[in-house]
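So that you can tell them apart, the chains are marked A, B, C and D in the order they are listed, and the count of residues begins at 1 in each.
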Amino acid sequence: MTVGKRKRLRSEMGSSTADRIVVRGHDLVEDLIGKVSLGDMAFLELKGRLPSRQESAVFNALAVTLVEHGMTPSAIAARLTHYGAPESLQGAVAAGLLGVGDRFGGSVEEAARTLQEALAGSDTGRPNLEELARQVIAAHKEKKRPIAGIGHPVHKPIDPRTPKLFAIAAENGFSGRFVQLMQAISAEAERAYGKELPVNATGAIGAIASELEIPWRVSRGLAVMARAIGLVAHLQEELDEPLAAEIWSRIEEESSSR
Amino acid sequence: MTVGKRKRLRSEMGSSTADRIVVRGHDLVEDLIGKVSLGDMAFLELKGRLPSRQESAVFNALAVTLVEHGMTPSAIAARLTHYGAPESLQGAVAAGLLGVGDRFGGSVEEAARTLQEALAGSDTGRPNLEELARQVIAAHKEKKRPIAGIGHPVHKPIDPRTPKLFAIAAENGFSGRFVQLMQAISAEAERAYGKELPVNATGAIGAIASELEIPWRVSRGLAVMARAIGLVAHLQEELDEPLAAEIWSRIEEESSSR
Amino acid sequence: MTVGKRKRLRSEMGSSTADRIVVRGHDLVEDLIGKVSLGDMAFLELKGRLPSRQESAVFNALAVTLVEHGMTPSAIAARLTHYGAPESLQGAVAAGLLGVGDRFGGSVEEAARTLQEALAGSDTGRPNLEELARQVIAAHKEKKRPIAGIGHPVHKPIDPRTPKLFAIAAENGFSGRFVQLMQAISAEAERAYGKELPVNATGAIGAIASELEIPWRVSRGLAVMARAIGLVAHLQEELDEPLAAEIWSRIEEESSSR
Amino acid sequence: MTVGKRKRLRSEMGSSTADRIVVRGHDLVEDLIGKVSLGDMAFLELKGRLPSRQESAVFNALAVTLVEHGMTPSAIAARLTHYGAPESLQGAVAAGLLGVGDRFGGSVEEAARTLQEALAGSDTGRPNLEELARQVIAAHKEKKRPIAGIGHPVHKPIDPRTPKLFAIAAENGFSGRFVQLMQAISAEAERAYGKELPVNATGAIGAIASELEIPWRVSRGLAVMARAIGLVAHLQEELDEPLAAEIWSRIEEESSSR
């Protein structure tokens, strides 16, 4: 094993010595514990620096929106897993997080990707957002793919989270081109498809995360970290008032009866 | 399938209608987004109510302490998993969380359990903490089990997080019997074993979580939710500066050479 | 990084060169592919040698028994996870396996552990099995723990898998002290508790796995590897005839209605 | 909860009554345990019927090929996870399986998909395989995507598993259009790119799985079920000769030193 020719393993995340713990360049004990909130710590982890007051407001709003969605497939999977493996709370949370994929968390990622790629490809400082929006819709139509971030099966006519999130972004100076492009995509899509397709919560989150310069590849992680909190809380409720055995017995009975 | 005889499936976590989303009894849009931070949202999820200013300070301090520990086995596992399955960020985070078990997150749980069981078993309002501490140590000695929450292989003579966390708890009125018992266990253990065994960070967290009336069965979840944040950040670094292939090739080469 | 003082990373599992792949000391292409079955390959992986005809019969019987159990919590969790993350079949299988814990796979482990520890502690070549069985029952009574491997909520009066597995073990020369002790524990428990407590399938599997000298710490792995097969098959059915959305909508509707 | 309007939850996987367990329409005790091997049980699970002798030979050969690949990222992740959570063998296996994604197991899926889609789109009973192969290569070139199933970084000039697997398929009557198309793709790609691009093991497995009429969406599952066996065996070795702590300490030391 010749280390000389090897790539050096480096990480800027954190390190420890006997009397000091450093996280992202900050002394954990002196500068972080008791001084920053969990949401600001998450910002520090992702961005390598602490947020401004405005960034903190916007980032925490995004994260808070993603924590809890009631009895989702993910929460049910976590409860059923805990039933079989009560020794491993982390296993039940992990099972729940595994469902935060293309259908759920993926929609934030997809919205962020659409926006970031459209604006990265724009070769001018002042892109024509309506034109970009039409290109996005045409590209999705050609591939017969749905456009992430608009429309909602339940929250009609509008997703109540969207105006709130956009208002918080605007108040704090984060209502820039990504938010505007997301809104333009919604407007153009409504024209193209002839139905109401307002920006939904994942579209708003994808746009605002882009304003915060969170890369789209990481944006799904916002949902993952927030849902981890929600899943721990679901498991606490499951410990107190177990539902898993009842869910299991109903499904097994129905599926195995002739 | 006769629902009448069935246990009703109830959950207090959250629910939605077309224009309203409720989380733990609070209107998500009106009362939470933009008004509470991520850490306070986590408190709400676990406790069913928003924290006081003091509770918020203490709870956020605990959570912040648990987010990042550098290149742990858990972080390395997440990075290696991402290498094989780049399509699934959630899978890589889940893989990392699966290592937050008995050895790591479990120590918080074990410390909280020891304290909560000792004080629950105490039949008086003003228990003799020194006596309880001696009983705890005797019980662990008999079962030949290490005592969770004291001593540390790296942070010597003391774990710098402990005095900080205990100070924040005291400032905010959460330095009660659980914290005192944890300290008494440390003192008695030092006497019994004749070596320095100060309270470590997991002991402090287990004690303070108990002060916040978080059940010990859930306390491991504090580590799980905080580490989910850290793992997303490690994966962001891995996306930018991949280490997994180098780690793999070194290990494979060494382990398969004769 | 000074390798000299380091523990050498060694593994006997497998290695590759440009023209040769070696698994557990066997040339994969020359000696295994096309010559051994999947079950025998699993035996080789665990034992480091190929099975005799008798060992193969017994080992495959154990594994086959563990593959499929219908709509278990584990299978439902896998299907719900796939619904949220269709991009990651491996994530859905992993979610399902996470439920193969103390309640399910753990019972095989617990039965094997009980038998292996009882017979390891026996200081004579010809232990008195009735006496050991009484000691096992007394120890469980004292700790108020149920005895793994006996009784069954559904399969009454007997679990039909048990006589079959014991017959296959006997025909192939693997009905030794572990099987006899398992049967003695059942007989003594029926006497002690005054009710029918026949050896169930997990008790039979734990005993026979012990006859095959599979360490109890690994015996849960038999369930894990077999269930991975069953979970892939459940996901195939889910792809063809999805149930997850229906399961979700029923649970969500019931749990969020007032 | 009105079941009448609801989709009925049905599954053909398995069911139990007090004295009988049915798996895929077969009596588990009477017809499967002691009569079929684990590999044939896996075939039954996936196909709904037991294999012919020829199908068994081919299917087991595929599965055996996928069980063990030495110290892969997946195996290392499983070992590191076990270090942190020794209470949960299933969690460590799950962590390992989570790495069987697009880069590894996904290549089998991608090869199978390419073949199945190319031949499904062919509107004639006797497609021109050379022409289809050219179309496949052109489509991949246009999207700038690598072609799954050909070439190998280590096994040169040829992957030794490929001729073995193709020979077993041919001996058993499963060397049909999928295998021929895979070989045609290799030949055309070598012409188009001017270098050696022989069919590799994942290409052979993808092609032969297609001959067995395993849908491409499920083909990744072959790798997942086989790797579950390998991961249990790696964890057994880890229990006997732990490597995780050494791997961790090396990486942490190097990554945190300045």
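By our rule, a residue touches a chain if its C-beta (ideal position, glycine included) is under 8 Å from a C-beta of that chain, and two chains touch if they have at least 3 such contacts.
These figures come from a predicted structure and were not determined experimentally.
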Quick note, more Cb pairs in contact for B-C or A-B? It is A-B
Note: chain C sits from chain A at a C-alpha centroid distance in Å of 37
Between chain B and chain C, the Cα-mean centres are separated in Å by 31
Per the C-alpha means, the centres of chain A and chain B lie apart by a whole-Å value of 22
Within chain A, the set of residues that touch 2 or more other chains is 1, 9-11, 14-16, 70-71, 85, 87-88, 90-91, 94-95, 98-101, 243, 247, 251, 254-256
Among line, ring, star, complete and other, the chain touch graph is complete
As the complex stands, chain A meets chain D at residues 8-11, 14-16, 85, 87-88, 90-91, 94, 98, 251, 254-256
Within their complex, chain A touches chain B through residues 1, 6-7, 9-21, 23-24, 28-29, 32-34, 36-42, 45-46, 56-57, 60-61, 63-65, 67-71, 75, 88-91, 93-95, 97-101, 105, 154-156, 160-161, 164-165, 167-168, 215, 217-218, 220-222, 224-226, 228-230, 232-237, 239, 241, 243, 246-247, 250, 253-254
Interface with chain D, chain B side, in the complex: residues 1, 3, 70-74, 76-77, 80-81, 83-88, 91-92, 94-95, 98-104, 106, 243-244, 247-248, 251-252, 255-256
